[in-house]
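I'd like to ask some things about the structure below.
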Amino acid sequence: MTISSRPSGRSADALRPVTISRHFTKHAEGSVLIEFGGTRVICTASVEEKVPSFLKGKGQGWLTAEYGMLPRSTHSRMDREAAKGKQSGRTQEIQRLIGRSLRAAFDLSLLGERTIHLDCDVIQADGGTRTASITGAMVAAYDAIQGLLDKGLIKQTPVRQFVAAISVGVYEGLPVLDLDYDEDSQCDTDMNVVMTEGGEFIEVQGTAEGVAFSRSTMNRLLDLAEDGIADLIALQKQALGLGA
Amino acid sequence: MTISSRPSGRSADALRPVTISRHFTKHAEGSVLIEFGGTRVICTASVEEKVPSFLKGKGQGWLTAEYGMLPRSTHSRMDREAAKGKQSGRTQEIQRLIGRSLRAAFDLSLLGERTIHLDCDVIQADGGTRTASITGAMVAAYDAIQGLLDKGLIKQTPVRQFVAAISVGVYEGLPVLDLDYDEDSQCDTDMNVVMTEGGEFIEVQGTAEGVAFSRSTMNRLLDLAEDGIADLIALQKQALGLGA
Amino acid sequence: MTISSRPSGRSADALRPVTISRHFTKHAEGSVLIEFGGTRVICTASVEEKVPSFLKGKGQGWLTAEYGMLPRSTHSRMDREAAKGKQSGRTQEIQRLIGRSLRAAFDLSLLGERTIHLDCDVIQADGGTRTASITGAMVAAYDAIQGLLDKGLIKQTPVRQFVAAISVGVYEGLPVLDLDYDEDSQCDTDMNVVMTEGGEFIEVQGTAEGVAFSRSTMNRLLDLAEDGIADLIALQKQALGLGA
Amino acid sequence: MTISSRPSGRSADALRPVTISRHFTKHAEGSVLIEFGGTRVICTASVEEKVPSFLKGKGQGWLTAEYGMLPRSTHSRMDREAAKGKQSGRTQEIQRLIGRSLRAAFDLSLLGERTIHLDCDVIQADGGTRTASITGAMVAAYDAIQGLLDKGLIKQTPVRQFVAAISVGVYEGLPVLDLDYDEDSQCDTDMNVVMTEGGEFIEVQGTAEGVAFSRSTMNRLLDLAEDGIADLIALQKQALGLGA
Amino acid sequence: MTISSRPSGRSADALRPVTISRHFTKHAEGSVLIEFGGTRVICTASVEEKVPSFLKGKGQGWLTAEYGMLPRSTHSRMDREAAKGKQSGRTQEIQRLIGRSLRAAFDLSLLGERTIHLDCDVIQADGGTRTASITGAMVAAYDAIQGLLDKGLIKQTPVRQFVAAISVGVYEGLPVLDLDYDEDSQCDTDMNVVMTEGGEFIEVQGTAEGVAFSRSTMNRLLDLAEDGIADLIALQKQALGLGA
Amino acid sequence: MTISSRPSGRSADALRPVTISRHFTKHAEGSVLIEFGGTRVICTASVEEKVPSFLKGKGQGWLTAEYGMLPRSTHSRMDREAAKGKQSGRTQEIQRLIGRSLRAAFDLSLLGERTIHLDCDVIQADGGTRTASITGAMVAAYDAIQGLLDKGLIKQTPVRQFVAAISVGVYEGLPVLDLDYDEDSQCDTDMNVVMTEGGEFIEVQGTAEGVAFSRSTMNRLLDLAEDGIADLIALQKQALGLGA
C-alpha cells in the first residue's frame, strides 16, 4: 500500500466502496444500480427484437449505449439536455465509449437479429461516472442475455469475456486509482481504462490536464488500473452469483 | 369502502402504498424519492441565485419545473428525448402543470430574487407519474426553502399552503382513485387533480378516453380526489416531521 | 341574467357574438372562419388518403390537429414559431387538446384508412382561441366528411356527436362565460370545457391563477359552460344548415 | 391587347383582379389583406421600439420581413414549418426578397431606432404569393409609418418611393403577365420583378424552367412587368386614399 | 475596352484571371478547383446510384447541389454552419441556384436512375463565389458523366449544353464585369447571370443595393455578362480538352 | 527497419510523406495545408479579440478548435453536417481532442484576452485526419501568434512547447506507424497519440477493434509513436524556418 494525502483519505491503489444492485427497476431486461462511492448510476439493458438498418439480414445482433445525467446529479445544476435540444460533445463521447467497450464483451453473431440498448443514467455524480457506467452496464447486459437464454431465444451465450473500467490519474504528483470528484477536478492527468478479465486492453484514454505525463507515469497508471479492474470484475461476478 | 374488481385488487377509494424518502441524493437543496406503488420519481429542488429576465429587479422569486422519464422507466423502451433533440408535447404539458401547481404553494414575493428549479425524473413508471411528481416536488421544494431559512437568506417562509395531486378515473364504469398503469391504459376517463391542504382546487384536468362522462361521474371523481389528496398531504407533512 | 361589471359589458352568462363562415378558403375539404368576438381563427380540414404507421392495415381512420398563431395576431408581436424552429409548450398543449376533443366527435372506424388534418390558425387573438378552434374545427371536419360521403368514398357517416368548447372563469370574484383577453388576463380561475351535444364532458381543464377555487365555484363554472356549449352547438348546426 | 390561350382566359398583359383591404386585423400598426385573384395574403406591419444589435446606437431604423403559408393554403396540404422545426429554403429566399425590396422604399435613417417587422402570411395560394406579399407589405408599412407620424414619434416621413412587384413568364411560348398557379406550374420561364414608382428596378429574378430564354424574350417580359407594376402602384395609392 | 477606376485596376469588361484545375481531389467522380482571382472553390461531383423518392421508378436521373464556406474563407471568421446547426438563408439560396442552373445543362432522362451531387466549398472568398461555383461545377459534372460513359453505364451523353455564370454590377456609376469583394461590398447594383453556350439565359438575379437601376443600365449589364460568359465557357472547354 | 506487408508497402515504422504548406489561404492569421500521404487538411488559425464569457475579465486568452470534412473528402460521399443540422459524435470528439491538445502547447495567460480559433477542414481523407489536424494546427497557431508578436499586441510568446500527433495500430498482428485508410479500416487496434517535443504525453487514445491488446503491444505502439512524433515536430519547425 502507498501512503497518500488523497482528499478521500484512500491509499493510492484503493477503490472506493463499490456496490452493484441488480433488479433495481422492474421493466428492463437488466437493471443495475452501481455505486462507486458517491457516484450512483442506473444502468438498464433493454432488448429490442430488431437491428439497425446497416445490419438487417446479416443474422447478427447489435449493442448500443446512451448516457445521461440528471440535471441535479452534479454539484450545481446543469441544463437538461432534452430541454436544450442536444446532447453535449462530452455526452456523445461517453456513450460512444460505453458502446464500444461493451461490444467487446460479447460475440454479437450469437445474439440473433436483436439489439441490446444500454442506458446509463447518472443520478448522483462524484467522479468516474463513465467507468461506473461501463462496469454496471456489463452486469445489466449479462442479465438481459441470461433472460434470452432462459427463454430459449438464443441457444449459446454471446458472452465472450467480462469487461470493466476504472479511472486513474495523477493527483499532486502521485498516481492514484479511482478518482473522486475532488481529486478529478484538481488532477494533472486523467486516464480511463477499460480492460477484459484476461487483463488486456479495450480502451485507454489518457489526457494531460495542464502538465504532460511521462512514459513511466503512464506505466504506473496502467499498473493501478490493471489491479483495480481485476477487483471490479470479481465484484461483477459476485453480484451475478458466478464463481470467480 | 367500495367493492371493486380493479386489477390492483384495491378498493375504489384506495391509494397505492406511498413512500416519501428525503435526502435521496446529496447535491440538491431538496431531494426526494417518491413512490406511488410501482411508480418511482426522483424530485430535486435546486436553488439558483437569479431570476429569469422578465422578473429582474422586481424583488421576487420564481419557481419552474422540468420533467423527464428514463428511457427504460416504461414497459417498452422509449427514445431518449435528449437524443431525439426535443421534448415531446406530453413532457412539456406535464412540466408546465408541475410548475403552475407548485407556484400556487408559495408566496414568491418572499423568496427574494432567486429561482427554485424542480426536476422530476421518473425512474420507474406505473401510472400517475405527474401526480407523484407534484406531490414529491412539494416536499423537495419545502426542504430547499427550509435551507434558505436556516442559512438566514430569507427571513419569512414563502410556504403558503401544501399542495398535492392525484389521478382519478373511471375503470370499467366505476370511479376509482389513483390509477396504476394497467387501469390507466384501459380507463374511460382520466382526471388529474391538484388541491391545496384547504381543500380547494389548483388544477383539474379531466379527459374522456372514448366515452364522454357525465356531471355526476365528475362529482364522484372529485370526491375521491379530495379524500386522496388529504391523505397525501398528511404523508408529506409526516415525511417532513411536521404535525398535521 | 346576472348583473356584472365585465370589461366587455356582457352579462356573466353571455357569449360574445359568434360567427361561423364556411368555405372560407378554396383548397381545403373543409374551411371555416370562426369568430368569437374579436377572436378570429381559420380552421381547415384536409383529407389525406393514408394513416399514420401505427394504424396501417387496421382499417380505421385518424384525426389530428395543429394550431398556430400569426405573429401579429396578438397585442404585441410574437416570434414566429417556424423561425424559432420549435413550437412552444403552449402550442403543443393546445393542438393535443384540439385533436383529442375532435376525435371524440367521430367514429374513426367508419372513416376508412384516411386521416383528417385539422389546422387551426389564429389570425386575430382576443381570448378563447383554443375554444374557438375546437368549435370551428368541428364544422370544418363535418364538411370534409360530408365531401367523402358525397363522393361515395364512405357509405356511413362517422359523425357520432357534435362537440364544442368554451372558456369560463372567475373575474373579480364572479363566475363568467367566454372570457375575452381583458378578462382572461386578470381572472383568478380559467377553465376550458369541451362537451358533447348530449351534455357530457370530453375535457375539463381548470387552472387557478393565483387563488385556488372551491368546489362550489367549480359547479357554477360548469353550469355556465353547459349552457354556453349548448348555444354553440346550435350555431354549428345552423351554419351547416342542419335542424337543431 | 394580345390574343392568348391562357388558362385564365386573360390577355397576355392583364393582371388578375387585385384588391387591397386595409385594417384587416386590429392589433398590428398596419394590416392589409391583399388579393391577386385567388391568391390571398395577410400582410401586417409591426413597429418595435428597438433595432437589431448591429444597428444599436447608429440612430437609424430597420425593416425586416417574414413569410409563411398556412398548411392548407395550397392545393394539397403542406407540412407546417413550425412543426417541422425549420423554414424551407424557398421560404427563406422569399422573406429575404421581401425585406430587401421594402427597404428600398424607405429612408431608414428617418425612422429612428425602431424596427418594422413585416409578416406576410398566405392564407390561399394561387400563384404569385411573393409578389402579392411585396405589394401588400408596402401598404401595411405605409400605414405603420403614418401612425408614427400621427403620434409625433417621427417628424419627417421615411417613405422615399412606392414599390410593387409582379411575376411575368413565358406560357406556351407567349410572354404573359401575373401568372396564376395553373400557368406558373407549366411555364417555361418565370420572372419576378420589383420596381419603383419611378420605373426603375429593385429586383429582377428570372429563372428558365426547362428552356433557356433569349434576350428578346427578356425584354418583352420586362415591358409587361413595367406596365403591370405601374397599375399596382396606382392601386396601392388608391387604397391609401392618395392621389396618383 | 472601357476606362475605369476599379479597385482591381481592371477594365470594366475584364474578368479576373480564371483557372480551372481538374482532378483536384481523388475520391470524387469529378473534382475541380476553380479560381476567379482570389476566390477559390472546390467543386466535386459525386455519383450516387439512386434517385430521390419523388423520382423513383421514373427512369430518369437527378442533379442537386450543396454549397458551403470554410469558416475562415472570409475576411473575418464566420460561424461554422454545422456547429450552429443550420444553413443560413444565403447558403440555401445559393445552393438552390447552383442546382437549378446545372440541371439546365443536362438531359436528366439520359442519366439513368442516379443522382449527381455537386458540392461547392469555398476555401477562399473574394467575391463571386456563387458564379465561380456554377462555372466550376459544370466541369466537375462533365467529368463525372464522362466517367459513366467510359464505364458503359450510360450510352448517350446527357450533356445538352455548357452553362457558366458571372456577376456584373454598377461600381461608382459604371457597369462592370466580375466584381471582386472590394467592388461588391460597395456597388449599387449586383447581378448574377447564368447563360448557356448558345447565349441564352438560365438565371438572371439582379438586386439594387441602395439605388434602383434603370432599364438601360440593365441592358449594359447583360451585355457585359454575355461576353464574360462566352469567355468562361471557352475556358471550361479548354480545361476539358475540348475544341471550342 | 521492420519487414512488413503493409498495403502501403511502407516499413512498420515509416511515416507517409508529410508536407506542410504555410500561407495556404490569405485571410486567416495562420493558414496551413498539411498532407500526410493522401490525407489533406486545411488548418486555419483565426484571432478574435475577445474571450468566451467564462474567461471575461480574467486577463487570459483561450484556444478552441472545430473540425469538419468536405462531403466528398471520403471514398463515398458523406452527408453534409450543416445540412443535417448537427455535428456527429465523431466530429465533436475530434474537435474536443484538437482543442485540448493545442491548449497544452501554449501558455494562455500570455495571450491576453483574445481567442485563437482553429479550423481543421479535411479536403481529402485517407486515414489519420485527426492527427494531421493537430500537427497542422500547431503550425497555423504558431503563425497567428507570431503575427501578434510582430504587431506588438503581445510582448512575450505564449508558445510553451511544440505538440504533434500520430496514429499507431496493429495491422495483421504487426504494430505499425501512421495508418492510412486501407490499414485503418482493417486494423485490430487503433491508437492516437499526442506528444510534446520533450517526449511526454498529452493524449493517448487507444481502442481495440475486435481484439483486445496486451500491455506489450501497447508498449511497442508507444515506441513507434514517440519516434514518429519526433520526426513530425522536426518537420513543423523546418516549415516554420526554425532551427531544430
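Letters A, B, C, D, E and F mark the chains in the order given here, with residues in each chain numbered from 1 onward.
Rule of thumb we're sticking to: a contact is a pair of C-beta atoms (placed from the backbone, for glycine too) under 8 Å apart; a residue touches a chain by one contact, two chains touch by 3 or more.
Given the structure is predicted, the values throughout are model-derived calculations rather than measurements.
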| item | value |
| --- | --- |
| Both-way neighbours, i.e. chains that touch chain F and touch chain D | E |
| Fraction-based call for chain E against chain D, same above half, different below | same |
| Angular offset of chain E relative to chain F [C-alpha, multiple of 5 degrees] | 180 |
| Centroid distance [mean C-alpha coordinates] between chain D and chain C, Å | 33 |
| Centroid spacing, where centroids are CA-atom means, of chain B and chain D in whole angstrom | 51 |
| For chain F, residues contacting two or more additional chains | 85-86 |
| In the complex with chain A, residue positions of chain B that touch it | 25-28, 31, 38, 40, 42, 44, 46, 48, 66, 68, 70-77, 80-83, 85-87, 91, 117, 119, 121, 123-125 |
| In the complex with chain E, residue positions of chain D that touch it | 86, 89-90, 92-93, 95-96, 100, 104, 161, 191, 195-196, 198-208, 210, 212-215, 218, 222, 226 |
